[in-house]
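Notes for the one structure printed next.
Just so it is clear, A, B, C and D label the chains in written order, and each chain counts residues from 1 on its own.
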Amino acid sequence: MSNPTYSKTELMIVNAARLLQDGDLVFVGVGAPNLACNLARRTHAPNLMMVYEAGVIGAQPARLPLSIGDPTLVSGATAVCSMYEVFSLYLQRGNVDVGFLGGAQIDRFCNINATVIGDYQHPKVRLPGSGGSMEIAAWANRCYIMTPHHKRRFPEKVDFCTSAGFLSGRAEREKSGVRGKGPQAVVTNLAIMKPDINGELEVTALHPGVELNEVQENTGWQIKVSSQLERTLPPTEEELHILHVELDPTGIYVN
Amino acid sequence: MSKLCSLKEAVAEYVSDGDLVYAAGFTHLIPFAVGHEIIRQGRRDLTLARATPDLIYDQMVAAGCARKIIFSYLGNPGVGSLRIVRSAIEAGELEWEEYSHYSMITRLSAGASGLPFMPMNLTAAPDLEKVNPNFRRVTDPFTGKEVMVVPPINPDVAVVHVQRADKFGNAQIWGILGEQKEAAFAAKKVILTAEEIVEETVIRSDPNRTLIPGFIVDAVCHVPYCAHPSYTQGYYDRDNTFYLQWDEISKTTEGVLQWLQEYVYDLQDHAQYWQKLGEETHQRLKVKEKLSSPINYGEF
Amino acid sequence: MSKLCSLKEAVAEYVSDGDLVYAAGFTHLIPFAVGHEIIRQGRRDLTLARATPDLIYDQMVAAGCARKIIFSYLGNPGVGSLRIVRSAIEAGELEWEEYSHYSMITRLSAGASGLPFMPMNLTAAPDLEKVNPNFRRVTDPFTGKEVMVVPPINPDVAVVHVQRADKFGNAQIWGILGEQKEAAFAAKKVILTAEEIVEETVIRSDPNRTLIPGFIVDAVCHVPYCAHPSYTQGYYDRDNTFYLQWDEISKTTEGVLQWLQEYVYDLQDHAQYWQKLGEETHQRLKVKEKLSSPINYGEF
Amino acid sequence: MSNPTYSKTELMIVNAARLLQDGDLVFVGVGAPNLACNLARRTHAPNLMMVYEAGVIGAQPARLPLSIGDPTLVSGATAVCSMYEVFSLYLQRGNVDVGFLGGAQIDRFCNINATVIGDYQHPKVRLPGSGGSMEIAAWANRCYIMTPHHKRRFPEKVDFCTSAGFLSGRAEREKSGVRGKGPQAVVTNLAIMKPDINGELEVTALHPGVELNEVQENTGWQIKVSSQLERTLPPTEEELHILHVELDPTGIYVN
């Protein structure tokens, strides 16, 4: 499907970066979300601010952080606070514009499972668990998900709902009273999917060279398609240059 | 009164079989040396609590120290799966109790504050609440809305690694602060390890930097490089090679047992461990100096 | 984006008649200059919240800015009675709402954390709870015991004075921290005053010292000696002579009006106020330097 | 009544200091309690640690603090924390051994009024209010009170109970479940009073030269007297020297 000059991960990172707005305060994870934020900062969103769940505000990492607790996030940052504070004063208080979420399963209503495959008490696969995501999904104004597009990652219903998407539909989430607006987009290596008016995911854009049937084949339910289906633009030379040369020169994440 | 002692003495005195242990440090300042000493002294039936179990609890579980684990994120940070803990849970060989980061740290904050519970806003995610009875709801008497509450956690012993402390246990930490302060105040006993033991005057030259007051500390141990293979801001970098190697080592029981034999049981203490890592590793983990601008407290 | 502006502009833009104002600083870093500017601009019907109203609210009440006061300790610190506020309450001319220090600060913490309430253990003292409906009880679902809860307070505007900030509003504070951070996070708008406006690199050289991030700040004002007659750690001492004088001045309405005319209304701004205090006062309040030991963040 | 070489305030300070134990962590106020703690540290309690409600731990003030927020408390202290933390991590958590309390009225069961004289809504005298004392009285292990002995300060029942002594009797306090043991002694310029088994104040010691009738005349109810009534020792030369020369050379508080 892809142009040989960029990888699937780069395709996801570039498209996720384009969803970020200048001035956004982003609750960042390491890996691909970190790259998407740094790419956005170097292109259309110079005033994007990165907050890490370890309690680092306004980080300017000189290298790719090895983990969420990397001192490179701290040296030269604007502020450091405790973990309790970053989740209360920043996230719960409503100061976070964007959160990134990830999980092993994402379902039709964009609910996320990062806990177990199979039964909770006798798991077939024990996954990492929530980490920050239960609260990020609830309290960040907007959330984005980056994940490869595989059928097993997109079941109709998650085995365990670690983090709330739209539950059984947008009305249920709204009734719950959580402040965040929930997932806004799922960016995969094939397409971008966004929740429709009922909170059900629909394909809103296909990446260059990808056809709809490829998306459907890799999705565990009959996926809706937007009436205004678009096609994403391929990564620009500038975007790829920044990723390859400035952000991940050794190709730890992008390859 | 000086609380200085060796780590061997501190573990012998303050960590007992069956204890609830909280080794603090959110992916920074992880007190690996204390985990190794607990393994060396053969503690059993521990309940190990940490937001991120990281390799320290993977090693302690592999060594048979633990009966139960309390956590909010289970992974080899930046690398992948935490194989030992994960397979012990999948095999039904390890009890577990699970939170999100915020609910885990909120329990610790309640414990540190002497409160019977602390509130959190609802998250709408239904399933963790169903499997963990420590998530409960109360009605907010002001708005009538429901609020989630979690009870305090008060570990029998907290282990906290810091950059510098005086012999009384007054401790200063910088870089990522994680839940170090909350763990220390929540616990019944505190073992403090420090990269440097400094004069009391150094601590008193910058009281705003002190996170942990000595009077809540039981043992102060001088353990340079205590956090290896994790980081200590200003002192050394993460040994990422080891984190990657552990992903291989922990694939087989034999691999883990052999590593434990060579790097824990066969060694006397953390100084020997650090020596054994060798000069190449020492050089590789060094960091260049970058000093803070001093501030003026003023003579008052 | 720089948020630098004059204090005159900041008060004009962000303080409106009828607002709930929280001037922060627990007997240290009290933003007197902002109180004076609010008086000068003739704001009315304010609700003034502070743990310790101190002379700043005594002056604002005397100037007719306030409809109501929210507090936990009413005194001229170290001197005696806070005459203006006290007599206005006794005369039924000022509404009030009263807390203990802890319940006051707990309300602010709830506001800063986005929580609908925060708990406190019971104190057995019955009477404040009877006269203030913001003290309510919930049953702890874990133990069945009763716990006191208070609702959040979210001021329309918080005023916070700090030692140093950059033009974006990233602010560092040392010495007594009081409730500065909580007030800033709880408020809808934040006016920040600073002894020094420093380069962003100074702030970034010591991120653990930053208590308030710029993105929650609306206006950054360079106001040296803003806290006079109170203290600023490392910058100047309290003008205790003035605190003693106020005890006399505030005995009569005429005395207060005359003082306000001379030191507030007749002056353009805080720079003029400071000049008017004169060289003897400037010299008397100077403090000698006492620097912190720097720390190493390391190049990572 | 008094020996001319010491003032009434000094008499109270010296007797309060003697009640402090080595190693006590004391929640201190400015003024007389600050002097009592510093005197104890320089005599029998070198390891006494002072914590101030402004969030200062292990203060070593070089001068008499002018207020609870004096930077002299910070320069050279062991630690500084926020006001919320000092009340939660220190006081509520049970880390404070001793608290000092003060008020305009103290009653038969050692309840304290620092709020109003007269009706709350239409006060005859508006007092400063609780400050830290509502929580100190409840959660410090032991509390002490220093106050001059006047009839109006010792009514049978306080107009407003700002801080709990023993309420209607020790049983009521114990039933309330508060962790602190409550007031342990009231030190006046005439005597020391301590709660009896029911929490009612009784005179346990008279200062040099004071007779019981003088105490009764200055107390608003029929005061009980301990069967083991003692007499306090006068301030020693060492104690007075420390107060006069080291702690309050200009006599701000002691005179």
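Criterion: contacts are C-beta pairs under 8 Å (C-beta built on N, C-alpha and C of every residue); 3 or more make two chains touch, one makes a residue touch a chain.
Owing to the predicted nature of the structure, the values given are computational and were not obtained by experimental measurement.
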| item | value |
| --- | --- |
| Labels of chains that are neighbours to chain A and to chain D | B, C |
| Which of A-C and C-D has more C-beta pairs touching across its chains | C-D |
| Whole-Å gap separating chain B and chain D, where each centre is the average of the chain's CA atoms | 40 |
| Whole-Å separation of chain centres (CA-atom averages), chain A against chain B | 28 |
| For chain A, residues that touch 2 or more chains besides their own | 56, 70-71, 74-75, 80, 88, 92, 139, 179 |
| Set of chain C residues in contact with two or more other chains | 114-115, 120-121, 145, 174-175, 177, 181, 208, 231, 233-234, 237, 287, 290, 297-300 |
| Topology of the chain contact graph, where touching chains are joined (line, ring, star, complete, other) | other |
| Pairwise chain contacts under the document criterion | A-B, A-C, B-C, B-D, C-D |
| Partner chain A, residues of chain B touching it in the complex | 26-28, 51-52, 71-75, 77-78, 81-82, 86, 89-90, 92, 98-103, 105-106, 108-109, 120-128, 131, 145, 174-179, 181-182, 230-231, 233-234, 237-238, 240, 243, 287, 290 |
| Touching residues (chain side chain A, partner chain C) in the complex | 25, 47, 49, 56-58, 60, 62-63, 70-72, 74-80, 88-89, 92-95, 139, 179 |
| Residues on chain B engaged by chain D in the complex (per definition of touch) | 1, 112-115, 170, 181, 185, 203-204, 207-208, 210-216, 297-300 |
| Of all residues in chain A, those that touch chain B in their complex | 30-31, 53-56, 65-71, 73-75, 80-84, 87-88, 91-92, 115, 120-135, 137-139, 160-164, 167, 173, 176-179 |
| Residues of chain C that touch chain B when the two form their complex | 114-121, 136-143, 145, 147, 149, 151, 163, 172, 174-175, 177, 202, 205-206, 208-209, 231, 233-235, 237, 287-300 |
